[in-house]
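Order of writing sets the labels: A, B, C and D. Residues in every chain begin at 1.
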Amino acid sequence: MKISLLSFGIAKEITGQRFLEVEIPASASVKALRAMLVERFPRLSSLSSVRLAVNGEYATEDLTLKENDEVAIIPPVSGG
Amino acid sequence: MKISLLSFGIAKEITGQRFLEVEIPASASVKALRAMLVERFPRLSSLSSVRLAVNGEYATEDLTLKENDEVAIIPPVSGG
Amino acid sequence: MELLVPLGRISDWQIADLSREVNCSMAFGQDNLLKMIDIQLLTTPLDTLGCISFVQSDDSGGIDVFIGTVRNATKGKPVLRLEFEAYEPMAVAEMRKIAEQAIQKFGVKRIAIHHRSGILEIGEAAVVIAVSAPHRAAAFDACRYCIDTLKETVPIWKKEIFEDGEVWVAAHP
Amino acid sequence: MELLVPLGRISDWQIADLSREVNCSMAFGQDNLLKMIDIQLLTTPLDTLGCISFVQSDDSGGIDVFIGTVRNATKGKPVLRLEFEAYEPMAVAEMRKIAEQAIQKFGVKRIAIHHRSGILEIGEAAVVIAVSAPHRAAAFDACRYCIDTLKETVPIWKKEIFEDGEVWVAAHP
């Protein structure tokens, strides 16, 4: 199935693009996607933390992804 | 000796005047003046607290007053 | 003990005009010696942005500002307006002491404390305290220290005007 | 486990223009449903007085305001300017959550949180948080809660631009 993948800050520099369309197995979990991402972009492992947000909400690792979900790679935030 | 006596807030209502010139015994202490004031203006005793300031500084009870000192009756403050 | 001094000695009360003495320092303005502190006691509306501009500096990362405003009620009873009275020179000196202590205790960069006197309408600012610091924790702590201490030590008195009377705040237990 | 999904499945990356989706809510403006909260993410200079005016109400006695400004140095190294990037709709939603939590936790009256995005010069305000409450302790506590939580949860990223390079703040351990 297809999902949208957004990358911000240092993550955008690592993935190379703010927006990507990605084909992943149906019913993949957030945990599975995280593993795929880290394997595809090993430099993500060097970050202090990587959270994943699904459709604008921080997601738990066991959440099951759906077709057309918008997943955002959230490196350590530094607003304020 | 002569001192100046300033009264503020509720204390001004009790003494009746913002400014008074008062004749007190030479070398009277702050504690002695306080006793005189309370005797002359018994309603001062009804206040939550009465501090005395001498020449613009909060005074300890054992401070000895001098001629022309400016003594202020400081009822409970409520700025801010 | 002087406690026993006869009352007659203290009976010779005279009235004098002290307005000259106590009003001369209504607005101290910026301290030339200590550019870090701006203390003002004003009869005009307070300039919040001016306080913020004073404390802003390029080596500060956080500014905390406290604004005390006139509430429309006390314990459910409608307040029409407030009247502030101050022992002006001492009030300014005590506010300056508080600012100096805050700089020493919390390592903050700059502090502005502006306080109103006279009559204030509902919603007006009675006090503005602005504090800048390299990091925000110090700015918050110092600002809170300033307002907490101001309310304990600075000789300023607030009278609440109600429909049916007036009360000096906190005067009685 | 999906962990073992072959990498090839995730290799079909495509580029698309998401600017439409992520920029549509740059300025949420005042919430019509919840007049107590004003959340804004702006590319223009922040309006501190506007935040204060928004939170002022006649039944509040204290307003606390935090202003985060751009410092001229980090660990002694001169900073030329900052660049903020935001995941806009989520950043606005997370700021709103924080404001709602603060109202619930501290019983405060109104909260404004305005955050900048884009390029900021030294001394400019990156964030303004204003909180009003009947009494000052709640205003201080809520304001501090808002900035502390914002720095942990709101998807906004800060890049420091130095003479000799750029660094995404806090990205690496």
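Keep in mind that, in the parts below, a residue touches a chain if its C-beta (ideal position, glycine included) is under 8 Å from a C-beta of that chain, and two chains touch if they have at least 3 such contacts.
Because the structure is predicted, anything quoted here is derived from the model rather than measured.
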Path length in the contact graph (chain A to chain D, fewest steps): 1
Length of the line joining the C-alpha centres of chain A and chain C, rounded to whole Å: 52
Where chain B and chain C are represented by their mean Cα positions, the distance between them in whole Å: 21
Averaged-CA centre spacing for the pair chain D and chain C, given as whole angstrom: 32
Shared interface positions of chain B, touching two or more other chains: none
Of all residues in chain C, the ones touching two or more other chains: 68, 147
Touching chain combinations (by label order): A-D, B-C, C-D
Chain B-facing residues of chain C, complex: 1-3, 5, 7, 9-18, 21-22, 68, 84-87, 89-91, 93, 115, 126-127, 147, 150-159, 168-173
Residues on chain D engaged by chain C in the complex (per definition of touch): 48-49, 52, 56-73, 122-123, 132, 134, 136, 139-140, 143-144, 147
Touching residues (chain side chain A, partner chain D) in the complex: 4, 6, 8-10, 12-13, 17-25, 27-29, 31-33, 35-37, 39-40, 46-48, 53, 56-58, 70, 72, 74-80
